[in-house]
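Look at the two complexes coming up: subunit A is in both, with subunit B in one and subunit C in the other.
Let's turn to the complex of A and B:
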């Protein structure tokens, strides 16, 4: 909890500083947009955190987003299949990709980094192949569906809650409850903490891990769907580029240790929001050139990881002294 | 022997690892309400026996019978389902999780939707702790507990999983005297409540204190059973050692000046200042049991672990505390685990052999002239008589003995003044062992100082001039080899007084 408090205070500080320098930050248009982006990245961040809790990693998230994000408008507008069929089948496809990762990692004992790195290349390559690198969009069709991404629930004249935020709320509540109160979540944390101990306690380690990869795939697919509904069109060569890194950053900033065994949903949400506030701040503050966005985000994550290590050492020292 | 529920019986268990017969037709019966101590020197087969009993290893022959039925255990989880729990030295706890979460891991009380029932969880966790009379908060991460408390959490978890047989593998090895006392009290209480306990330990005083029966293993063979009234330190030591050794052959000993001086050295594992001198041409053995701090002493001298105090080579103080400085000053350390600390197994003999001295042949920006190190590699193979005499094979393809020759040879290529060896012939067959011993004798006659740690009495007695015996990080005695006996060494190594 203290860990989340630390990152939360960083979030508040960055937001305050940005608001002071650039009043546009607090405009209802900007806040609504920020919430929308944070919600989208929160969804894929939660997926990434589930895998990271097992001590694994999923680098394929951005490419899964590209695959689902490009296939959705293509199947609906170009091929002409009903959204009622397209959306569920693509979510099943995304889950299946995650299942495959989990299977390769557990049964074939391949390294998660390697498996999902291959996924990163393969899914983007396939998408670009199917669409021959051309941009696809919804045009005028699918407007009801698009409201899932662009829709809002008006609160005041100028401000409304973006639809993705509501979807995130459902995902976050379910996952958080699952992690804290169900046997699956408990076992997921145990596996990340000490896989041998978990196995010797009779836990079906492989099944739990495969589940984590499958959920990560599903959430990446859901993310891809919502991203494309939000933007309206997708270009296979750059749609979702680097999004896996934003998702991992959100998870790590939110207190997930890459060694596994630790992580909370609330932390990931704060982490995802922080990344988006930083990106927003870079755009709004004129003194920071937009081109150094990656450098700023990278620097902040590095500081967070250093702090994580420092806390660990302090804890280790304290338990040695007992 | 009356058979009740929870009784396990091992019959004629044998297990072979490579060329080593770790266990040879060993039988063991465990009854409820008894503490059976399994003792023996390092490598006697105690851990192998326990690992078979909990399903980590499958025996090559023999069987494990539970309540009269022969059962092939599929692993620790399966063993636990049959009521057998092993508490290994390296505790299997999830450090980041709380005491309660650890206690119930794998059998959390859930409702029919898979949701954990918190109140009955806490109740169950609390009663599990009561079983072992441990009073710690349920919600702290186990990483914040002391090692003795963590041990009790592991035991409580096993008992809560309906374990009726506890296999404790050196439970007190890392505990302080107070923690040890508490743990032993709890173990005796559990025994009185009807739990069957198999206790593996090196500490004979504990065995005298709590054991109902002692089983002695030596070189993988069961050599004696001591009933309650026969348990004494003297008896146990006698049975553990058992064999007659040939008297060490006399050697014309001409010692030179002091080469290695250790002055007032302390470290995390060495509470009392250690003073030690090794003269040119001298071979000193470090004897002791697992956890006595011998490897750590060698590592501290070599600069691999933090220490206070000074180390001098030929009178020059060794600074800074770093292996590179140690190598430069003429030290070499042959580590205990050749597979993980000594060799890059997939690389060739040549690449391994040339590694320590390679930087001396490297040119500008680390450029290596073609054929760099080739001569060194050939010298190593020839001098140590590595077989087959080829430098291009992956070193992992060689036998254990020849691998060890490569490890020793690659350091000898640097012509060290002081050679530190940790278990110089572990897992090496008799022939290669004799060759390595001979090589070490020749080296010391050429003026090299040798300090080696060994768990094998025979090696200690036949190779050394002096024996430094350690117990729990402290030197408990320094003996002249020609005047010492195996019993004396073992008595010192187990913390007893010299008689």
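Let's turn to the complex of A and C:
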């Protein structure tokens, strides 16, 4: 918990300041919206963090979201295939893309940046090609599938837990358990800290790394599915644009070192939430013009990283004194 | 092998350059300001008109904004098109660029004008007038006034600015003046109405929906939501549905997204203002063909060929939709 203290305090500060300036921030409706958005970005953030922990990077997340997000409504409403077939197949496809990245990175020894950058271009291009650039959506037919993205479990009259949050909870618990309590997770962290040492210890580095990329692909696919279930339609040219950067920002904010070897799931979730709270605050606070959104997000992320570093150093100093 | 391919293309290019298309069909191009279903209809108009009047047409939707549009237009010039119809993304700043294009080929604008450029003619709707028509719908939907919010992809485009200004001027009961501009980010009120915000999403759907949700949080008493781009209204409907306020908050729309039309039938959308993108495409091809032949007789003195906007409400929606499907060949 100590590791995420800095970033958590930034999140609390931003939330408090926003709530003081705009009381609507704390309305149950707004909180519900924030939980849903943070859950969606949290899912792809966890995927990004697994790859980052190995010292790699995945730039293709946004394009995988585009591919899965656009193909889902297209296959269901235009082609007319049952959602029971479409959803599992597309998740397998996304996992397969991740596996391919992992294979190219480990067996062919290509740079992760390069492999996934090509993925970024290729998947968006394929999606735009398949759909000839036209918008696809679930139309007016209320597919039951959509409740996965838009559904909620009512807690009070005005507040409910959004369905994506429950999915995130499962993803987070499984990943957290996997990272902390399984051999695979231990190996993943070991590889990120020192790949050569891990290899000498007899860890099957390639297999563990391929697994990380595959999981990242799967979670990006799941994210794409939930995003399109939430918005109802997707445009191949811009769906999921830059989302890999939000995912990477969430992971890094949450304490994943880009040099690898570090990272916690809870940190990633706090990081994802911080970005969404910031975007929300910019709309809710009248004094901040919409147009400087990116500047605000960039500035606060930088501050958060600085605060995080300061807290870590203070903690380290205290434990040295002990 | 690559060299061989490049060599082949270089050779075939030279061949085509050496043969001026004196008796060949004119080569015309139509460039949009982005990717949207709206433009698919325009593309159909381009295609239909081209085969009808015997020209070779090409149709381009730049996916990534200004730089992308510029790249495509430059490539078309390299390809040697005889005439080109463009919807400028940023008319003011693109004017020098458009002038360079006008020096190399026959240039007309469609959808959104660049009046200070050397374009020969503009084909499109009067967006300010269309905005005022939309404002009339708002007044009908909310006879007692109230708080309204405007949602739009981006405000850098002339058509978005003019539509927004038209809506605001109409509901505030102001004089007609298309040069007026209320800066976004301030509350504008009068005549019983209060425009609490104009929010842009830069074509990010998730952000567009989040904008609506945030307004619903921030202004619980919001009475009307106005979507100025085709995809804004479906996102407004999604957000309202999820918050359980569908039908309670009035929705006024632009363009003809399927879910907007269905909303009008269901009564969740009060009405929409539609343009005629099919006609933009078809009229551009007809005009450019005449221009290639040296015929300028169809251009009005002010250089603007107006394609009027229409108001679609419950009474007109079925007929309109059937007609649209027919044009799309569905």
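The rule is short, and it goes like this: the second predicted complex is superposed on the first by the 299 of 322 C-alpha atoms of A that agree within 3 Å, B and C clash if a C-alpha of one lies under 4 Å from a C-alpha of the other, contacts with A are read in each partner's own complex, and residues count from 1 in each chain.
Here, contacts are C-beta pairs under 8 Å (C-beta built on N, C-alpha and C of every residue); 3 or more make two chains touch, one makes a residue touch a chain.
Everything numeric in this text was worked out from a predicted model, so none of it was measured.
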Subunit B and subunit C placed together on subunit A: clash or fit? fit
Point to revise | First, second, both or neither for A:114, with subunit B first and subunit C second | key: neither
| said: In the overlaid three-chain picture, which partner chain does A:184 touch, first (subunit B) or second (subunit C), both, or neither? | reply: first
Using the superposition on chain A described above, determine whether A:202 touches subunit B (first), subunit C (second), both, or neither. first
Comparing subunit B and subunit C in the superposed model, the one touching more of subunit A is C
- For A:279, decide between first (touching subunit B), second (touching subunit C), both and neither. second
Handout entry: Touching partner for A:85 - first (subunit B), second (subunit C), both, neither
Key = neither
Requested in this report: Pick one for A:295: touches subunit B only (first), subunit C only (second), both, or neither.
Outcome: neither
Touch check for A:231: first (subunit B), second (subunit C), both, or neither? second
- Query: Taking the superposition as given, does A:17 touch the first partner, subunit B, the second, subunit C, both, or neither?
  - Reply: neither
Once both structures are superposed, the least CA distance from subunit B to subunit C in Å comes to 25
Overlap of the subunit B and subunit C interfaces on subunit A comprises residues none
Given the complex, residues on subunit B that touch subunit A span 75-77, 80-81, 92-97, 101, 105-108, 110, 114-116, 118, 143-146, 157, 161
The residues of subunit C that touch subunit A in their complex are 34-37, 40, 61, 63-64, 184-185, 187, 197, 199-200, 203-207, 209-211, 213-220, 231, 234-235, 238, 241-243, 258-259, 262
Counting only contacts in the complex, subunit A reaches subunit C at residues 22, 24-25, 27, 29-30, 33, 37, 40, 128, 133-135, 137, 139-140, 150, 227, 230-239, 241, 279-280, 283-284, 286, 289-291
Interface with subunit B, subunit A side, in the complex: residues 181-184, 186-187, 189-190, 192-194, 196-203, 261-262, 315-316, 318-319, 322
